[in-house]
Amino acid sequence: MIIIITNTNLGTGTETSGRADNRAFDELRKMKIEAGVLERADGSAYLEIGGNKVLAAVYGPRELFVRRLMQPNKAVLRCKYNMAPFSVDDRKRPGPDRRSVEISKIASEALTPAVFLEKFPRSTIDVFIEVIEAEGGTRCAGITAASVALADAGIPMRDMVVACAAGKSDGKVILDLSEVEDKEGQADVPIAIMPRTGEITLLQMDGNLTEEEFEQALDLAINGCKIISEKQKAAIKNRYGDE
Amino acid sequence: MIIIITNTNLGTGTETSGRADNRAFDELRKMKIEAGVLERADGSAYLEIGGNKVLAAVYGPRELFVRRLMQPNKAVLRCKYNMAPFSVDDRKRPGPDRRSVEISKIASEALTPAVFLEKFPRSTIDVFIEVIEAEGGTRCAGITAASVALADAGIPMRDMVVACAAGKSDGKVILDLSEVEDKEGQADVPIAIMPRTGEITLLQMDGNLTEEEFEQALDLAINGCKIISEKQKAAIKNRYGDE
Amino acid sequence: MIIIITNTNLGTGTETSGRADNRAFDELRKMKIEAGVLERADGSAYLEIGGNKVLAAVYGPRELFVRRLMQPNKAVLRCKYNMAPFSVDDRKRPGPDRRSVEISKIASEALTPAVFLEKFPRSTIDVFIEVIEAEGGTRCAGITAASVALADAGIPMRDMVVACAAGKSDGKVILDLSEVEDKEGQADVPIAIMPRTGEITLLQMDGNLTEEEFEQALDLAINGCKIISEKQKAAIKNRYGDE
Amino acid sequence: MVHIVPEIIKESVTNLVKNGERTDGRAFDEYREISLETGVIEKAEGSARVKIGNTQIIIGAKPQIGSPFGDTPNVGVLMTNTELLPMAAPNFESGPPDENSVELSRVTDRCIREGEVVDLEKLCIVEGEKVWMIFLDLHVVDYDGNLMDAAVLGSVAALMNTKLPEAKIIDDEIVLDYDNLIPLPINDTALMSTFAKIGDELIIDPSLEEEEVMGARLSVGITQDGNICAMQKGGEKTFTQEEILKAVSIAKIKTAELRKLLP
Amino acid sequence: MVHIVPEIIKESVTNLVKNGERTDGRAFDEYREISLETGVIEKAEGSARVKIGNTQIIIGAKPQIGSPFGDTPNVGVLMTNTELLPMAAPNFESGPPDENSVELSRVTDRCIREGEVVDLEKLCIVEGEKVWMIFLDLHVVDYDGNLMDAAVLGSVAALMNTKLPEAKIIDDEIVLDYDNLIPLPINDTALMSTFAKIGDELIIDPSLEEEEVMGARLSVGITQDGNICAMQKGGEKTFTQEEILKAVSIAKIKTAELRKLLP
Amino acid sequence: MVHIVPEIIKESVTNLVKNGERTDGRAFDEYREISLETGVIEKAEGSARVKIGNTQIIIGAKPQIGSPFGDTPNVGVLMTNTELLPMAAPNFESGPPDENSVELSRVTDRCIREGEVVDLEKLCIVEGEKVWMIFLDLHVVDYDGNLMDAAVLGSVAALMNTKLPEAKIIDDEIVLDYDNLIPLPINDTALMSTFAKIGDELIIDPSLEEEEVMGARLSVGITQDGNICAMQKGGEKTFTQEEILKAVSIAKIKTAELRKLLP
């Protein structure tokens, strides 16, 4: 028996946040960040950007029970990225898939350079990213939120890592692709940086870009990161005051 | 290709044990209990009630190898409830499912109050319930058999926990529902008690009962437990003599 | 929708190595063995026989991290047999299945009698057999290659275990069945021996043989083993020289 | 990981209860502050976020078209799944659902199913062939005790919030009309109240601190008619018959109060 | 968990065997007491309970209608699964089948399949589309050595006890007639005898105590014609060619004796 | 298992690089010796064996007929799976793919997919119903660093080596004509170059020894037109913007050189 879907509204919620919506090529989607949103976690943050809703929580530094992961001279930072089953149009089966395993790995590597892990030998800092609703760019949203949660947990850091993507859609290099722009686009370049030094802690790319287009996209994404970085700082300030 | 089943005899084996079969509302199905039926286990029991056939075995107190479960001041009682693939009309796939995980948990909690766990710090008492054939009421049958197996293993206990269900079928509150009565009935209330004090160690309910009906069902089930309790004692007496 | 396969060439690669190809009843398929084919492993070997291509690698003796497997007075020899997904006509799903679990067990038991395990208490010798391409007789090919890899790793041994099968196909007892002969045949008898003493370290059989036929098959297989044993020694000589 | 509660905390919580008090000053039959929002996830056909004290669960309902079970060919399917996220508590671990998570899923499911919250027969599209399956996913993000009541309250709210496209049969094909969204057919609003037994007292809506010292737990599901539709005892201690009947009486009153929070 | 047998027990069992004796007084070619009942599970289409000494296995056979394998479109399917229940021995653990359980399943399956016990071609309902699949589940509840022989004996008995509804094709539909139960078509009664090698002796039907000290194990499956249909060597020691041929000869005699126990 | 590299080795490798040298005498932009054979597995419809230095991967491509994804009804499917075999390195373990294996699979897949190496639209047999699925299995048998470049090079070679039977639709049936084998439609030959950052230097094709001391890793996939189709940063240190742009420039040159090795 064939199933036909008429007048689908799938994705209509997302179109409003597309460039159709008059965003400039270098303009971010509307966003907000809040620190300290959960009680049990040592640190936490909530982030919305476009249709994305992301929670991040941090536990640690704490004892590491998995012996074979233990480092004698520093802490291990372990990040788990997970999508809620209801966060996407077609229900996602619970549990890790290959995509979330990869994102967990690169998110750990994106956050690690900023943390003074050497202060906590033999321990672990656990970062959990939960995507509550997904609309393109969840890995960047998750890393950005995780940094705020690390700061909220009082973990000593060199800098607050911030992530943002640029890419190419409809033939143009643009900042912060929405879900529709990503799906119909030609390339996506998610990055994370430490804004003080500009060092790049995450870089991925898929699609098709000339060397020049890639250079433009990288510039755009770095600028996007800098704007978001201010919102991260404001979220921390908002929670702990200014002094 | 459509499969049609004619004149199915599925369930006919069970109808004979239904109330159709002239059981009074407060009458148990025919049952028997035997202690000490297995050689390797430290204690064991076999129980039949209606069409149910259940084996229970106990190992312990013994060393607990799973560190994170260890209790410094008492033993842990762990119960595993499992159904044989051939115990039901449609073959059950081997291995735990959500139902057996829940029953294992509540069976552990039903047996725990009766055992002097504090006598055996850092150790485990392992209880295994195997449903060899199922015809409604296997969790109660399993808990009742497990108590006999614990006694057979010489585990010191405050009392011998005993379990029985009451429920509502065909509009009437009745004791010890058969498979057919449960499927077509309106409610099932399995309980376990320590018969000396009447304390309730297991209570579940599903269906739809008024407060009064629930009270009746609870009374019926407690009475059922008391009758079964005598059969448990007889089984132990039968194995170890009377003195 | 029905799928029809015309003029299938499945198996044509194997027909050339069948008895159709004029092998005598006691003749092995063309084979070659090479020792020391991998860099990281402590010892390794590559073996081709007929259409079979097998890699074997050895690590150890090394520390055994799985406490419950540790033997206080000797090493444990653990063998893992695995088939590459592309090694068979219909892609095999990665990971162990019941067949590979059984073969891993009997291959461990086939190799164990030859190794001086008592020289390495509390440690492990890990043997990995990878079937790169399968054309009948991979377990024997794997065990034979594994012995060469053990020798290449410098593991002290009483003898170099060697494996070979005989069986019955087209009504005749023959040596070293090809894939087609095995599939269409009446019996398969894979064995492994320590050639110096003739002691049998592996024996399996499936099919239908009279006692006499079995005796013939066993004789044939032992002779096959002796021929292959020379090729094993040549492979080691070839790698390490003759002295 | 076994979480060991210091003896001193156990004693102080227990002594307070013995004196008729609770650490946060509540009465024995008083819930913590509850917040309940619906429609919080645009991509979910139904959703809710519930907080009881600091316990927080986000719930999404998503429909799929699937096959009915063989013995109920004209009845839709409800699937309840709970994730006790490692984010929610330091001792929750990643991985397949453990026994606590399974129990929470199954008791929630039981209260909703036996309380006949959803009219599952109306979810049949083609008898014996195609029915709506409703996946109810409970994402526990912050754990401060009494997950059961939060899970049922939030789940019922999410189901009440759920809208499905109309499914029509046209020329032997199922046509889903997304211009015509229909609320999930709701029959009842069964809810659950949970009691902890500390010493010889029953207290409603236990906080985490109270759960850690309680001897036993009793959850009671009550339909809007005041009937009992689900019960579950937990914990390693016992209840008397009287305590159980008392809990049922209180649950009838308290679930009626909770019901006013529903949209 | 590695089970370490005290050296002193090893020595005493081994010395006894060296002197031509066994701990329980049996002859080297003598089985323990065997009991075999069939029809023990009403809900299973076929069943058996077998005891060899204190070793006990309950076996159920259940049919399902399924698809044949692509390369054998007109042949039914037999699936053998073994659970070494943690109830059966202190060192058996819950969880997916380990290598011992897998070996037991596969050797049992091999003996039955290669011995052509069931006429699988008669289990074809519609060629290439629908065949009977017989699930044979072995529930090991008490373990005192020699699971192989018990598994095969009980399995063959359970299969002989199995009845299927007649499957007719009426108007392109499969109609299962439960008023007309037909015994599973049985071709052969292949059985298995297992030998342990202790020192230089072969003893049949090893008890657990004997298994724990044996160097190697040999199982031989024999059809009712006296042909060999399956063999499996186990254990970390070796056999000589002569020992194997001797085991085969004894197995022919002993399986013929076991065969008399079948219903 | 965490593999701890002795400090003294770390220092010596790092110091060499600081002085413009590598332990094996290569230039910073020089690959180790590469060997690439195709057609090495007769039973695989496509295959390759690639060695970069001592790193060795055997790759097989096998087609199956399957269903397309719902949102791309006329597009074939490519599935990439990697096994980091325990044979390949002392710290590789049996079991389901770990994060390193998953990353390798996904980056390889990304480079091939985004580089449009295979014309997947030509793999549609019946729109919305049947397409070719190509399973690409990477069997890593020897690990001495830089798996990424070896994986992509070997995979592209295996795909170029792949032949499928012609699939015709005759009377509403799919007929696979094995007399008429057709090469897999290849669009592009995207390849990958990987750089390790040691100190402040970028070196191409890191050996295992170099990987163990590197701070970060950058892999760049380049199409035959010189466009970028995939990138992946790894490791716990950082890159500057300049380093990344430099790596891209070198990768364009180096992948063009690698491309000459393809059949």
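A few notes on this one:
Just so it is clear, A, B, C, D, E and F label the chains in written order, and each chain counts residues from 1 on its own.
Just so it is clear, contacts are C-beta pairs under 8 Å (C-beta built on N, C-alpha and C of every residue); 3 or more make two chains touch, one makes a residue touch a chain.
Computed from a predicted structure; not experimentally measured.
The chains that touch both chain D and chain F are A. Using mean Cα coordinates as chain centres, the one most removed from chain C is D. Inter-chain spacing, taken between the CA centroids of chain B and chain C, is 50 Å. Work out the mean CA point of chain C and of chain F, and you get 31 Å between them.
Put simply, the C-alpha centre of chain B and that of chain F have 56 angstrom between them. Rounded to whole angstrom units, the spacing between the C-alpha centres of chain E and chain F is 47. Under the contact definition stated at the top, the residues of chain B that touch 2 or more other chains are 65, 68.
Across the assembly, chain F contributes 1 as residues in contact with two or more other chains. Contacts between chains close into a ring here, every chain touching precisely two others.
Following neighbour contacts from chain B out to chain D and onward until the ring closes gives B, D, A, F, C, E. For chain D in complex with chain A, the touching residues are 1, 41-44, 47, 54, 56, 58-62, 64-65, 81, 83, 85-90, 94, 96, 126, 129-130, 135, 137, 139, 141-144, 165, 172-179.
Interface of chain E with chain C (complex): residues 1-2, 97, 99-100, 102-103, 105-106, 110, 113-116, 218, 223, 226-241, 244-245, 248-249, 252. Of all the residues in chain A, the ones that touch chain F in their complex are 68-71, 98-99, 101-102, 104-106, 109, 112-113, 189, 194, 198-211, 214-215, 218, 222.
On chain B, the positions that touch chain E within their shared complex are 1-10, 13, 38-41, 44, 51, 53, 55, 57, 59, 62, 65, 80, 82, 84-89, 91, 94-96, 126, 128, 130, 132-135.
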